[in-house]
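Working notes for the structure below.
Order as written gives the chain letters A, B, C and D; numbering starts at 1 within each chain.
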Amino acid sequence: MDAALKRRLEARFGEGLQGPVRQRHDETEIRIAPAQVPDVLRTLHDEADFHFQLLADLAGVDTGTAMQVVYHLWSTTSSDWLRVIADGLPREDPRVPSITFLWRGAEWMEREAYDMFGIIFEGNRDLRRIYMPPDYTSFPLRKDFYLPDDAARSPGGGVRHMEQPEAPLAPGKTLVRRTRA
Amino acid sequence: MTVMSRAWGRLTLPGKVIFTAIPLLLAVGVALALVVGILGGPIVELASQYGAVLRFLVAATIILVITIPTAFLIIFMEMKIIAFMNLRVGPDRVGPWGTLLSVVHGLKVLVKEDFTPSGADPLIFTLAPVVVYGSSVMTLVVLPFAPGLFAQDFNIGLLYFFAMGGLAVVGLLMAGWSSFNKYSLLGGLRSAAQMVSYEIPLTLSVAGLLLLAGTMSVNQLVANQSGWFTNWYVFQQPLGFVIFFIAVTAEANRTPFDLTEADSEIVAGFATEYSGMRFGFFFFAEYVNVFIVSAMTVALFFGGWNAPFPFPALAILLDPGSLGIWLLLGIAIVPLVGTLLLSLPFLLTRSSMPAWQAIVLGFVLFNVVVIGLLGVWAFVSFDWVAGLLWFLAKTYVFVFTFVWMRATLPRVRIDQLMGFAWKWLMPAALLNLFVTAGAILVVGR
Amino acid sequence: MNLIPGIGIVRGMSLTLRRFFQPKVTIRYPEVPSDVAVKFRGRLQLLYDENGSLKCETCFQCAQACPIECIDMGGMDTKGRFHVHWGAAETYGERREESALRRSGRPVPDPAYERFAPIDIAAVDSILEDFDHDPAQLLGILEATQAAFDYLPVGALKRISERTGTGYAQIYGTASFYGHLRLGALGAPAAAPSAAPYLAALAAATGAAGRQADA
Amino acid sequence: MTTHASMDDPRVTLDEQLGSFEPIPPYPPRTEREQEFYTVADGEMLVNIGPHHPSTHGVLRVVMKLDGERVVDIDPVLGYLHRGVEKLCENADFHHTISYMDPLEYVSSLFCEWPAVMAYEKLLDIKVPRRAEYIRVLTGELNRISSHLLAMGFHALDLGGITPILYSFIERDEMVEMLASITGQRMLFNYFRIGGVNGDLNHEFMSRLGDWMSRATAQVEANQGLLNENEVFVRRNRGVGTIDAQTALKMCWTGPNLRATGVPFDIRRAHPYSVYPELDFDIPTRSEGDSLARYLLRIDEIKQSLRIIDQCLHQMPDGPVMARVPRLMRPRPGRAFATVEAPRGQYSIYAVSDGTDQPFRFRIHDPSFLHLQSFTLLMPGQLLADWMTINASLDPIMGGIDK
């Protein structure tokens, strides 16, 4: 845990942060508003105090109430991973500025976040689906996207059921193949 | 009917074969006798009139027929040698040591569905393999296998060889263009560029040799190299040999110059859309080409059918007619005695072996011994047998080298390939030519 | 790169030539079986004992003990009456178990693989409400359920398991242990599967195909 | 529109257009970049490579815009191997997710499990026994060697050399057998557990490892002698796919590919995890940044890995290999980011827990994904055959990229 980094972050950004700087294990976490992303990341990337040169990861998160974009950064000046969370994107129309001007390599990671969550990165010149087919309409990693097979959920709530007590199938249809004529 | 079928059912397999073969042979024999009897006179007359034509026809047929087993053998060699170099075992399931696997490959190719892609030009698509295979086979015509054993001796034999080699590129280009596939097109264009570029150093590399020899007949070239192995042209034209070998590797599309069918780049190049026997033609043509270029290298630079040292000529020729009754006795007695003699050791030492097995073994051994003796006799008595053996042995050393290179080397890139041809091989070939010409002027041969 | 051009190629060629004469490493598989690692984890198989009868009694104990829930099982219960299942709904697992049963040589009643009849869950829920969803009162719950339905339908057992958080194995074990609890309806023989519908469908299909061919 | 009768079936007439492949999508271009790419100038053609092609290392499709043999532009198309592992993991138990990780980068499976268990250990504040950490490092480095050997073999195979891959496989098979003797499987090991590893080292593993270590260096060097000095191979690689350090950092490169440009970034040293601080090894770098540098760097890394294995064997402490962990895990709500230095670069997992027994969000970060992205940067101006060189030297694994 790098306490110096926490002090530097608080001194530099101060009011701009949403909530306190959190630290656990070897991770330092700050939360910012989506609109601040380019400024904050540019500061972290350029200024000699921080020098976060490597974008380790870019991930979208759907909390169920809001969307987040999470950046993990690496620096030579600190032994911590810095996690920058752009918090509070509305679920209906999540938009955040792209950071491809800083890291061109973020392009595909942003495409992935768009593909999986529908987060729109303004300024990314190639924001199209990357894994799913181009005519796909929904966003699979959103929390309201249920797997069709609900039985794959955890057993923690009790026994899982193969045979659900529900209306019988249409005659001649069975779930299990009958092998004997 | 039932009697017939029941009797047929009781026959063993050899019995069935014999009962089928005897009437067939009879019918064929009678038909032949009739044909000879009726048409014999005119045929003999024609043959004597056009002896050269008849000889050429027979030779061409033989050449066409032997390309297939040659390709099979080289395919098998390639599979086995590369496997050994990879520390693998290689084919070992079909036939003894997997020798029949390439035959099975051939059969597989034969029975596969042969289709034409919907966008392809059907006529050219079908003709392309024929052109490629045809050009390979036609090259074989000028190869001297042994003294007196060649299809045709041109006084421009070498030129003919280069011309036929250049014809293959037309076939490849046809295949690449007509397949309606971008990989094929790229492969066809690559092959065109490659072959056209390498024709020039190839031809130039032998120019020095031609200055030395003063002939373009391959037969004459080989005959020039008789005597001790120091007479071989490789010792007078080492640079020419190196250039020729590299260029000929590129001509035959072998690794490291197998760009036309670079499987990791353009899938199979010009052959991407081919299947069945049409693909088989390309496949066989490649291996026939390997044989041809090896043979040509041997003929031009390694003395062809000449032994590396003057072999003592022993002519043990027997006139069977002079033996009289002893010949008949020999035919009747020698096999029997030989078989028994050779089975004796087994009979005496192997008590667990039944007598019939020992005798069968003895018979097999007897055959082996006789064939070996006959081979030795033929080798020392007929110089065409010796020449053929020397020639094939040297040729297969080079076939091995080609396979060996394929096992070792990665592929070059197209621009490096072209650069190598134009920037290195061409100047080197020209240098070789000038140096040879200068040397001839100075030494005054 | 070396000073002499081509020396790298020559070295490579000499290496392959040396390898040409070295002993080969290929394991000739069908003749020489490859050795199995000491900790090899293959497919779990628990099919027959030495007498040829099924070993697995579908008690679910292994499935319950598995920490990462990788065991997925189903099959007939020991009395050959009901098809029981543990794990995610995967038809593959079902088929596998069914084929295992068939290979065991026992008669396999096909109705076991059909869905069980729907029941009125409200009745079960009210019984559970009465007993305060208490697994300790399991016997009482089961008796009340049997009183309500005249026997213990599978759907009711599953509902009880779900609501009380008790493993299905335990509920099923309890229900099948006591003689006075019935798992099947009294005097309702299972209808033997008939081949007639299948044959009729087959005839229809072939007839249709024939007509198509004619046209 | 021209039609002609099919050669195969005379009853069928064929539309000539049907036989042609037009990679231009049947919808209007969605982005600026797509519009730019699919606008084909005169004399250019689009060539589709993959999804099934000998040298795509999996199921990758790339569309190339060619001018003759020269590549004008390139557009990789992913998703042919997409299985939705992240979604699966969000619907699985914490223990369960580990077994989903193995098939991602299937040639270095242990490095996929490692960040996952590390992230969970962070979430749950579990202290892993030291012996378990040493075993993780030991098996991990073995896996790294086998992965690098395979990468080098396939590098040669993509360039047309058929032998090195088999020599690589001989060595790899030995290592895979070793790992199988402690993990139980040859390829998808599923060996690391939350709080330790599944089972201690055993006699079979140790004897095989000792046997192999005694001849590993000589064997690997002899086999690589086939390529390292081979003029054809060197000329195919030198100066191909060159990238400088700054661009590589901008493209978020990591691992050997980044180190080949001269940046000594190695997570084992930059953010030490496990017992790497106790081990003595160097971080090889090269400054050229081309395919040859990436290839040679892997050889250097193999030597360092052999050093690490040697030290692990000497320093291996006694003790348990599993911490005491609950069977059903419900970590407190929180976020954890764990990353390891995989053979291809930084492999990291970002796990968010909401207090249940399943991860709330499970993000898998694969280094090959970002290396593959750089094709658009490296390819223009190169020849078609250079794509195979660059692809092989970047060494992407499609299983990890498509997740």
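Definition applied: contacts are C-beta pairs under 8 Å (C-beta built on N, C-alpha and C of every residue); 3 or more make two chains touch, one makes a residue touch a chain.
This structure is a prediction, so every number in the text was calculated from the model and none was measured.
Under the contact definition stated at the top, the chains bordering both chain A and chain C are D. Put simply, the chain nearest the middle, going by average C-alpha positions, is D. One finds 46 Å separating the Cα centroids of chain B and chain D. Note on chain placement: the centre of chain A and the centre of chain D lie 22 Å apart, centres being C-alpha means.
Each chain gets a centre from the mean of its Cα atoms; for chain A and chain B, those two points are 66 Å apart. For this pair, chain B with chain C, the centres built from the Cα atoms lie 61 Å apart.
Chain A has residues 152, 155 in contact with two or more other chains. Those residues of chain C in touch with two or more other chains are numbered 9, 12, 15-16, 25, 69.
Looking at chain D, residues 93, 163, 170, 226-227, 230, 232 sit in touch with two or more other chains. By the touch rule above, chain B contacts chain D in their complex via residues 82, 85-88, 115-120, 122, 180, 182-183, 186, 190, 255-256, 258-259, 262-267, 406-416.
Contact residues of chain C toward chain D in the complex are 1-2, 5-9, 11-12, 15-16, 25, 37-41, 67-70. Chain A meets chain D in the complex at residues 24-27, 29, 53-57, 59, 61-62, 70, 72, 74, 76, 79, 81, 83, 102-109, 112, 116, 125-135, 140-141, 145, 147, 152-156. Interface residues of chain C, counted against chain B in their complex, comprise 9, 12-13, 15-17, 19-20, 22, 24-26, 28.
Listing the residues of chain D that touch chain C in their complex gives 93, 95-96, 98-99, 163, 170, 177, 180-186, 199, 202, 204, 222, 225-232, 234, 327.
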